[in-house]
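You will see two complexes here that share subunit A, one where it goes with subunit B and one where it goes with subunit C.
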Partner chain A sequence: MRQEYKKIWKNYAVGMAWLLGLLWPMLGIHPDGTLTFHRTLTVWLYIFAGSLICVLFYITKKSRILSGVTDPLVNGAGKLSDISKALPTSVWMVLLFVFLLVYPLVNGRYAIDVAISVLLYVCLGMGLNIVVGLAGMLDLGYIAFYGVGAYTYALLNVAYGLSFWLCLPLAGCFACIAGCLVGYPTLNMRGDYLAIVTMGFGEITRIVLNNWMSLTNGPNGILGIKPISILIPTFHNTMSFETFWVKKLNVLYYFVLILAVISVIAVTRLRNSRIGRAWESIREDETAAELMGVNTFRYKLLAYAVGAVFAGLAGAFFAARMRFVSPESFTFIESCMVLCMVVLGGMGSIPGIVLGVIVLIALPEVFRQFALYRMLVFGAAMIIIMLFKPDGLIPAKRLKIQAQYEKKGETDTNVS
Partner chain B sequence: MDYFIQQLVNGLTLGGLYALIALGYTMVYGVIFLINFAHGEFFTAGGYIGVIALSYCIAHGYTQTHPFLCLAGAFSLAMIYSAYLAVGVEKIAYLPLRGSRLAVLLSALGMSIFLQNGMMLTQGVMDKAYPGELFEGGFSFGMVTISYLQIMIITMTVLLLFGLNRLVYKTKIGMAMRATAQDKTMSALVAIGSNNIISLTFAIGAGLAAAAGVMVGLYYGSVHYDMGFNLGMKAFCAAVLGGIGNITGAMLGGLIIGLVEVFGAGYISGQYKDVFAFIILIGVLYYRPTGIMGENIDETRV
Partner chain C sequence: MSAEPILELKDVHSGYGSIKALKGISLKAYPGEILAIIGANGAGKSTTLMTICGIVHPDQGEIFYKGKKINKIPAQKLPPMGLCQVPEGRRIFPRLTVEENLILGAFYRNDRAGIDKDMEHVYSLFPILKERSRQQGGTLSGGEQQMLALARALMTKPEVLLLDEPSLGLAPIIVQSIFDIIADINKNSDTTIILVEQNANLALQTAQRGYVLETGRITLEDDAESLLNNADIRKAYLGE
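Right after this comes the complex of A and B.
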């Protein structure tokens, strides 16, 4: 035990010294030919103080010095979770649903805006979960389908004045076709080759959107997209319909909520169906799945298509909400973001993905007051979560079993 | 014809730079099967250290007296710094996660964001201009102009690639690297410390990227904190095109991507130059799913 702490402190000391060496050339050598140490040391001391607290916390937790204080807390938490388990799931579902319904009534504009983002990304995450989490194909160009959906609505609405509800299925359709187009040539590739080709397709889509001036107005984007409209019957003398434009955020929230709930339910149902099992078998072992009679080609293409449909629908909502689209919104880093949500939350696990989305959307919002340091903290948080929870925040159940199995296997042939 | 030769020279310059960056991706992938998203940041860090070192030299007037010494110093400092950074990154973010491929991929993405913003905070959001007066002029043959800078870049690239080839295929360290890439268990049994070899691989890859960073800075005249992202992505394409994990493939892939980009921009359309690189990549992978020189890897899953 003591040996272990010695090792932790030694690693920590080496790490901090290493950091000092990394910081100084960037901060201490000035273009006017002077060398300073003051600024480097200040920055370093801040980091040192912050990380020291973390390390001390980690050690006290590990050595159980404070077990007198922490044990009752842990027990309390355990009891709470027991109570929560005692109630049937339906009760929790109802509570959650009520919370989601009441949310826009008690919150301000800003909070609702963030919530709409979260819900849209939940929809995207669900779609990507089919491709990455269930079928096991790494897709780095997923945001392209989101872009296809958004541009479908934007172009059809601005050029032909088609209404949102007509464009929504069309957006899904076009995204689905795009998914098949990407999927078809890539299906005989595996692993990282697939990743790079999907990334290539994503980038091609973005560059085409950026440069096809006559159609998409290039980097300036498309302005003046109409919001969602609903027809409300009015009774003046005779019954007639009046168009109601959903401009208010809290009304839009409910529409996006419906979309997100539908996508969550759809993915849950798909996962437990024959198709979902086929996808999971492809993920676990493609050759074996094919031997068992799973038509891998068809199911992989289907995974792409279905995943793309969700992105297309979310894209149409995105265009209707922003009332402006530009290629800037569909960059590679966005694809990475969605992938991060899926993996960070726990691949294949639906509550995990929802939590992953909340963490990744809410974290930058929480750190907004730190302005410049926001993305720095974000990157660091991603690394730290992965270091402590490599299977994601809420791992999927089947993955959990597999992880245990792998760990067991490792102890037998542990080398490195 | 003159235009063609001019574009060929430009393409070779760019392709050599891509090849240098692509090597880092391919070497890391070869040993631990990780797409190292932070690699582009090692490249940017190299570029920044290069400009810092060169401006320091200029402020003290060393460039007037020993211009080549200053340049060599800038290159070696940049390479050492990036290698140092890469080893640190590997120990913190990749070593504890070895074994789960997606977790380490995410950690790499996080590291990329972290380093990019770290560089933005320390160096500012504006472009940093490289001193341009070190390499002025060039040869002209008719309409073709080859600047001294291009000659320097091509020579330097060839030297580095040659050195790397010697290192990997002719020395004991290279043999250990290849052994680790093939089978970690077996190489551990013959007393090769796989962790040290992996760190070394990171360091070499980052060093090459840093050299490319300094050269890109000199070539384009400035460095920017997020330039590693775009170039890194192209270089990664080059690595995959050549067959990821294969060193010769990465060199070949880099040259192809560079040439395709320059010729596409020169003869077809400048706006779509990135598209041509990706189309070539997708076309080649459609017919050869493991790249030009890649061996057949059967069991690669997410």
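Right after this comes the complex of A and C.
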């Protein structure tokens, strides 16, 4: 036990020294050549004090010095989780659904805007989850399909005046074709090579959008995209339809919510299907999957295509919401962000990815008060999550099969 | 030997790119027998099985299965035809549960009732798998993983089962029980088994016939009994 504490303190001291070495060049070296120490030390001392409290708390908890205080707390938490387990999942689903429905009614414009972002990224995360989490193919150019979807709606709407609802399936179709085009030549690649090639495809898409002036208007982007329209029947003298433009954010929120819910349900169902199992077997061992009769070629291409469809649909909504698209929105860093959401949340785990999206979209917003250090804190938070939760926030579980088996086991015992 | 061979290789050349691992292999497997292929490291034993299974396609020569040429048939179409391999090093799906591994064995099949029945059957062959059915495959011990790999292959309802080094890295007592099960499978369901092994002694004791493979060529073909008593073989492979 003593040995262990010694190790903790030693690690802590090394960590703090490393942090000082990292902080000083950032805060202490000035462009005019002067070197200062005061500011570095203040920041460092704050962090030192904060982490010292955490370490002390950790040690007291571990050595059970404060067991009189912590035990009732732990018991309380246990009771809380008992209560949450007592209610069936369906009740929680209904509560969550009600919360999602009332959300725009009780929140302001800014909060709704953030929520729409979250929902769009949930849709993207679900699509990428198929490619990366289920089929196990590392795709670093995923945002290209989002771009294809967004530009499909933007171009068709501005040039031909096609309505959103006609363009939405087209956006999915075009993204699907793009997915197959990218997928086909990369099917024989694995791991690192695949990552590099998909990254190349992502960049090609962005550069084409950026340079094809006559079609995409290049870096200036496309302006004047119409928002989503719905036809509402009106009764003046005779019944007629009136076009209603969804310009208000809270109405748009509901449309994006429907898209996100559909994508979550679709991916959940896919995951538990025969197709999902084929994808997972390819992720685990491609040769073994082939020996078991899985057509790896077809299922890998299917993973690309289905993943791309989700991105394409989300892209069309993105264009309709922004009413402006430019290649700026589809950079490599966006692909990385979506990948981070999937990995951070827990690859292959659907609630995990939703949480990952919330964390990665909401954290930068929460950290706005740190102003300059916002992205630094954000990066640190990511590192810490990955250090302590390497499998993601909510690791993927194999619940469905378990439930099936338990049922079977019950009937078995009944018979005997 | 009686009847037509169920699987026949005629002068098969195969390899990986410019490396030629098989330099003209001809062998026959008859329905219902256990056939052993023994040989040293790098003799081409695994490549022979991978070539039969369509993971590697032969450069030259012909492979006949039930009288049909299967040279160019892609790997995933062979399990429905009744040809399945348990690859070297087990290669189960580590992050899927035991049960999911087994379901994947029956991937090409659509008969739910039949799959459930076969699932019960393999669970009766390997009771330990039933106990572990909800565990992830990767958390099983080596012997259990070998059983899972074998059970997964049985789920494809094979007529010819190719086994690549089932004794690899296992304790002697577990090896013995796995070989007993292999003999049982052969006896009870009339499955033809092609057994590739470095453990020549055990393989030849289980098998009825054997081939000796050396650097991509078949050097000897005989009854398992006579191979076991062959002085050269005893010297080269049985450590005498």
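Rule of thumb we're sticking to: the second predicted complex is superposed on the first by the 381 of 416 C-alpha atoms of A that agree within 3 Å, B and C clash if a C-alpha of one lies under 4 Å from a C-alpha of the other, contacts with A are read in each partner's own complex, and residues count from 1 in each chain.
As a working rule, a residue touches a chain if its C-beta (ideal position, glycine included) is under 8 Å from a C-beta of that chain, and two chains touch if they have at least 3 such contacts.
The shown structure was predicted, so the numbers you read here are calculated from the model rather than taken from an experiment.
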Contacts of A:L27 with subunit B and subunit C, given as first, second, both or neither: first
Contacts of A:M292 with subunit B and subunit C, given as first, second, both or neither: second
Touched partner set for A:R277, first subunit B, second subunit C, both or neither: second
Contacts of A:L387 with subunit B and subunit C, given as first, second, both or neither: first
Subunit B versus subunit C as contact partner of A:W9, first or second or both or neither: neither
Most subunit A residues touched (candidates subunit B, subunit C): B
Which of subunit B and subunit C A:Y110 touches, first, second, both or neither: neither
Touching partner for A:C340 - first (subunit B), second (subunit C), both, neither: first
Subunit A positions touched by subunit B in one structure and by subunit C in the second: 283, 287
Residue ranges of subunit B touching subunit A (in the complex, touch as defined): 29, 33, 35, 37, 48-49, 52-53, 55-56, 58-60, 77, 81, 84-85, 88, 91-93, 96-100, 102-107, 109-123, 184-185, 188-189, 194-195, 229, 233, 236-237, 240, 244, 271-272, 274-275, 278-279, 281-282, 285-286, 289-291, 297-298, 300-302
Footprint of subunit C on subunit A - complex, ascending: 274, 277-278, 280-281, 283-285, 287-296, 398, 401-402, 405
Complex contact set, residues of subunit A against subunit B: 15, 18-19, 21-23, 25-27, 29-33, 132, 136-138, 185, 188-193, 195-197, 199-201, 203-204, 207-208, 210-211, 283, 286-287, 332-333, 336, 339-340, 343-344, 347, 372-373, 375-376, 378-383, 386-387, 390-391, 406, 410, 413, 415-416
Parts of subunit C lying in touch with subunit A, wherever the complex brings them together: 53, 55, 74-80, 84-85, 87, 91-97, 99-100, 103-105, 107-108, 133-134, 136, 152, 156
